[in-house]
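Attaching a single structure in structure tokens format; questions to follow.
Order of writing sets the chain letters: A, B, C and D. Residues in each chain are counted from 1.
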Amino acid sequence: MAQTAPMEDQAARLALREDLARFDCRIAQPDDPPLFTRSPNSASQTTLWRWKDLEPLLERLGEQLTLDAGGQRRTLRLQNPGLPFGTTTTFWGSIQVILPGEIAGAHRHTANAFRFILKGSGATTTVNGERYTMNEGDLVLTPGMTWHDHEYHGETPMIWLDVLDISLMRSMHATFFEPGEKIQQEVSAVPDASWRKWGSGLMSPPGQAPRTADNPLLVYPHEVAQAALQAAAGLPPDPFDDVVLEYRNPLTGGPAMRTMGMRLQTLRPGMRGRARRHTGSKLYYVVRGEGATIVEGRTYEWSTGDFLTIQPWAWHEHLNRSSTGEATLFQVNDFPAMSVLGYYFEEERAEAAS
Amino acid sequence: MAQTAPMEDQAARLALREDLARFDCRIAQPDDPPLFTRSPNSASQTTLWRWKDLEPLLERLGEQLTLDAGGQRRTLRLQNPGLPFGTTTTFWGSIQVILPGEIAGAHRHTANAFRFILKGSGATTTVNGERYTMNEGDLVLTPGMTWHDHEYHGETPMIWLDVLDISLMRSMHATFFEPGEKIQQEVSAVPDASWRKWGSGLMSPPGQAPRTADNPLLVYPHEVAQAALQAAAGLPPDPFDDVVLEYRNPLTGGPAMRTMGMRLQTLRPGMRGRARRHTGSKLYYVVRGEGATIVEGRTYEWSTGDFLTIQPWAWHEHLNRSSTGEATLFQVNDFPAMSVLGYYFEEERAEAAS
Amino acid sequence: MAQTAPMEDQAARLALREDLARFDCRIAQPDDPPLFTRSPNSASQTTLWRWKDLEPLLERLGEQLTLDAGGQRRTLRLQNPGLPFGTTTTFWGSIQVILPGEIAGAHRHTANAFRFILKGSGATTTVNGERYTMNEGDLVLTPGMTWHDHEYHGETPMIWLDVLDISLMRSMHATFFEPGEKIQQEVSAVPDASWRKWGSGLMSPPGQAPRTADNPLLVYPHEVAQAALQAAAGLPPDPFDDVVLEYRNPLTGGPAMRTMGMRLQTLRPGMRGRARRHTGSKLYYVVRGEGATIVEGRTYEWSTGDFLTIQPWAWHEHLNRSSTGEATLFQVNDFPAMSVLGYYFEEERAEAAS
Amino acid sequence: MAQTAPMEDQAARLALREDLARFDCRIAQPDDPPLFTRSPNSASQTTLWRWKDLEPLLERLGEQLTLDAGGQRRTLRLQNPGLPFGTTTTFWGSIQVILPGEIAGAHRHTANAFRFILKGSGATTTVNGERYTMNEGDLVLTPGMTWHDHEYHGETPMIWLDVLDISLMRSMHATFFEPGEKIQQEVSAVPDASWRKWGSGLMSPPGQAPRTADNPLLVYPHEVAQAALQAAAGLPPDPFDDVVLEYRNPLTGGPAMRTMGMRLQTLRPGMRGRARRHTGSKLYYVVRGEGATIVEGRTYEWSTGDFLTIQPWAWHEHLNRSSTGEATLFQVNDFPAMSVLGYYFEEERAEAAS
């Protein structure tokens, strides 16, 4: 089935093509794109979205798009130019804008989703009846088929990053969607129950921890993340990522979501990471600071508010050229999905480029 | 992000389209195919391939296609008419023909593969240095990145079903391929080592069983499968499938491969199964006998040697109308991949249709 | 083998006794203690140790016992009056006193151990090269075969609870002990590394979490425990224990140690718990407040500093009769060992006694 | 707490002894047996029971002991001369004799048990309603709290080895026992259901395999064991045990029972094993042949029908001095219990003694 060598029987193959097609059959043809390649030849392109471009677009969306109460969202999708849809082959990152007084109505879907708050604070989200107030830097999960709706009563527009594993789910034809019967869910009498049970990470109610496939913890507040980053700064630096932490399911030590992983990292002044490449895809959001990522020899300079996705199996390395300022990156990747299927592979370059 | 309601701001959306595209962004547009659907709307089509059509095609392949020794295979791919490639969204089933005296040279790839022997016996396969002789009804695994080559010295063409999870792997851009340095691997001095260690299923060398992600057992002989089916015939019948067994990893009780599941089932005379639908896809091969499967109201009659794939989320049920003959089906599905991602859903119809 | 009925062949059995003994054999005899009982008939006794008794004893230990530097400890063991050794059938709780200027030298042993700080602060413990400063209310683990030594330079004696699963380990003949080559270990250049990696509970360095059998986190500070208790107070009350939390391994959601579990609980004013009984044993330490536990109808009144162990399979329930003061209990149990062997059973009484 | 050095404060310690005892407290005393030892100092003794001694004792038991129908068993217990009860610290091996026409009535207990058939065939055992006919060489499990009763209608006495983890369960005070309401259980309408479902080891009904803590498979027939041993003889020899197999739970790859492991091994002519020592205990039964085991320099010669237990942490090695005859050993050990608690340790001697 491998087309690594020129076909010696080209003519025979071409002659069979039509007869086979009549019976829903085919054989490898000389003009087929290769079924097997030595390494991944991904159509997905390394892409940088700049905040200076995005910000005016988001303002226009706020002004010009209606948020009806029927479960619609006002989102700007980051579209990979090499793919028919999706930010990467597996997920779609979008920037959601919610205006003072708006409600994003309740619905649920099989796609797993999360939001990472970019600007503003005070919107509430209700996930399966649990209401949380969202603040900048918080990570809030809506695992597949959890009901969710949002409401906002602040002063200025609030925006967050919305990521769904909808690209993979579409490839696998498993999309289900259900609008809520009411615009908003009823809110549980016990506020923040998942946080109260599992938010300590170290102590929780006794008894067998639930063997749910999904993470029972729905929220990772900004303060927890900052404190953890600060503690981790005392560890030996990660050679690729300096100070880097994975959001984890406190019951399994596994990734925070089944198909998507999230990380937060700090590149300290002068940091120059080693290069690495891997299957799977990721999207970075620059929380704060500036720096650069060199992807297959091309340098992408980024600063606060930018987004960057990197082509699968492309060599890449991070730099912080500042001598004083830290840079903080939030990352979403599909490594959990890749790994659980056995499709995750990586290679490290031995030394930092000089 | 949901397009379940007509957009009230169609004009505004259309007006933004081009400006957004310049910055690799987009928003939902009135003419987009729906991102979310109430239930899966799969392009994959229920398709029946008949042995009476396949057999002459395979003969022509045997006559007209060259099997060079460079790792190529002579395979007839079962092409789903609704998909750009693949038998289903996740895997590709092909029928491989090997002629007396031929060698299918060594290679390896990240795609997981297996073969189920359809006709003939006596070809040897060598997987990571372990050589097995393959006979009709045997199932032989080549997990991702295991070296494999085949050799045949029989009298008549031998054919088998080859299945690879290449469709999913391509969607996820994780294809790697490596040709062997030599045409054939060296054969290990301990013949059948994985079978000798793990083939009993009930007893194996002491010590911690290996925590490999992949099944360490490479072969499931026909005799084991027949004996198990015979024992299982004494259990209460499965309401959907009558007598049905899953090939399992003896170290985990899990599926025989990480992404693909295999089953063998017997529909006894007069059997009429209840209807079910599920996400994920499967391909049946009719090992022996005849019967029918009703898919969303349409009846597909099948007999020995036919193949049938069923559209995801389509209701389907099996019948054996014979009053005397048993029918045996071999099935490959992608339930392991779907399940491990959390994308497997199923519904059962309460009663058999009458 | 069951002796639930009178033996009809008593004479024959007695006549065989000596002949069998000559060959290291025996049969059930009429005067044997029963091999099987309807339910556990434990020799372990419910026992209350009062702080008012312990405190002067500890003072005498501080005055009269030498702490040489050879790895010895100054500990007052809580001895169950029904057992030949041990606080319970599985573990031994001891109160350790360390005086200003003392060093408890390095050693390691297969027994799993932990300390829960009762009074004072400022002693350091070094566990496998990681040095922590211990404060009142902290829980510090020394899993089996981790090197540990302590040092103290404060003003007043510092005391902590030391618990080892030495009773069970002795029953199973698996005791190993090794004194350190030097009095004190070298201290790692990265302070608090396990805390920095795993102490957040929610975020930690990326990559596969270690699949160690032992919890990689060595310390649970008092502040974390208090914050978690406060959050949990917002959940519906536990009917037996009011507000109760388990110290967990952040990588597995399992117990903090392999053989021993630890909990912290608050009985709020007026709390009256339902009754329960279980196999396995536990020891309570009253961190603060006062209350009572009714064990098989007998009331044990306790207050700050007391210890209470409860006979296996004895019905017991907790009360806080105060209308204003909270009571806080620290608990160690052997439920992890019991559970992993399949020996843990429990029964709940339907209603609170009135 | 370690008593590895002489106590410098002996007088002070002795003076405190009585005062402490009044308050259920104690401290280490000069005359205490050591709490910690460098390595296990087990009271359990290496013991050989010879079939030539056991056989006449079993005949006397058959003649002189009554088997009433109330759940009693006629068993000869192998009593370790170094222990107050038990063949080892964790389990008790007994030889059960059942005579033609007898019924061993139904009961259940928390202790895990199994039988390995030594002589005869044809008795039936019913475990939780599943009836099996037992033949020489079969292994039949009765996990904790499964109902079991036996019935025999053969010609000559039938005997089997009965092993229960009752020693460990008594140490941990978790014994429960329940006699059946009737002498015999009702037999399920589906014969051998667990064998039909799980006996293949490689194929079983689809769906999530049950996550039971206990092995769902109740029987390992002699033929399966022999076939597996024969296949394993083609693998490289085990340096300690030649050809050796573990009975495994087909759903987990783990041991056949939670607390006890079973193995079957063949020592081929001329085999001389390397020496090893380990915590935990084991009992060998010589199924066939003769050989020797050297334990800490002392040679134990054994032949068909003998039993041998080995002191924990004693060096031991096996020999088969015959130039023609194979020896087959059945082994039960407590390694699963030891391992799951983290109490299993082993050392291998680098070279075979010469």
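The definition used in the following text is that contacts are C-beta pairs under 8 Å (C-beta built on N, C-alpha and C of every residue); 3 or more make two chains touch, one makes a residue touch a chain.
Keep in mind that what you see is a predicted model, and the values were worked out from it rather than measured.
Chemist: Show me the overlap between the contact partners of chain A and those of chain B.
Modeler: Chains that touch both chain A and chain B, as defined above, do not exist here.
Chemist: Most remote chain relative to chain A, going by C-alpha centroids?
Modeler: Using the mean of the C-alpha atoms as each chain's centre, the farthest one from chain A is D.
Chemist: Based only on mean CA positions, could you tell me how far chain B sits from chain C in angstrom?
Modeler: 53
Chemist: Compute the distance, rounded to whole Å, between the mean C-alpha positions of chain C and chain D.
Modeler: Distance between chain centres: 30 Å.
Chemist: Rounded to the nearest whole Å, what is the centre-to-centre distance of chain A and chain C, using the mean of the C-alpha atoms as each centre?
Modeler: One centre to the other, that is 43 Å.
Chemist: List, in ascending order, every residue of chain B touching at least 2 other chains.
Modeler: Not one residue of chain B touches more than one other chain, so the list is empty.
Chemist: How are the chains arranged in terms of who touches whom: line, ring, star, complete or other?
Modeler: Contact pattern: a closed ring, each chain touching exactly two others.
Chemist: Inside the complex, what are the residues of chain D that reach chain B?
Modeler: On the chain D side, the touching residues are 190-193, 195-197, 199-207, 209, 217, 220, 224-225, 227-229, 231-232, 234-236, 238, 241, 244-248, 250-254, 261, 263-264.
Chemist: Help me check something: in the complex, which residues belonging to chain A touch chain B?
Modeler: 1-2, 4-5, 7-9, 12-13, 15-16, 19-21, 23-28, 35-44, 47, 49, 53-54, 57, 60-61, 64-66, 68, 70-73, 75-81, 89-90, 94, 107, 109-112, 144, 162, 164, 166, 168-179, 213-214, 258-259, 279-281, 312-313, 337-338, 340-345
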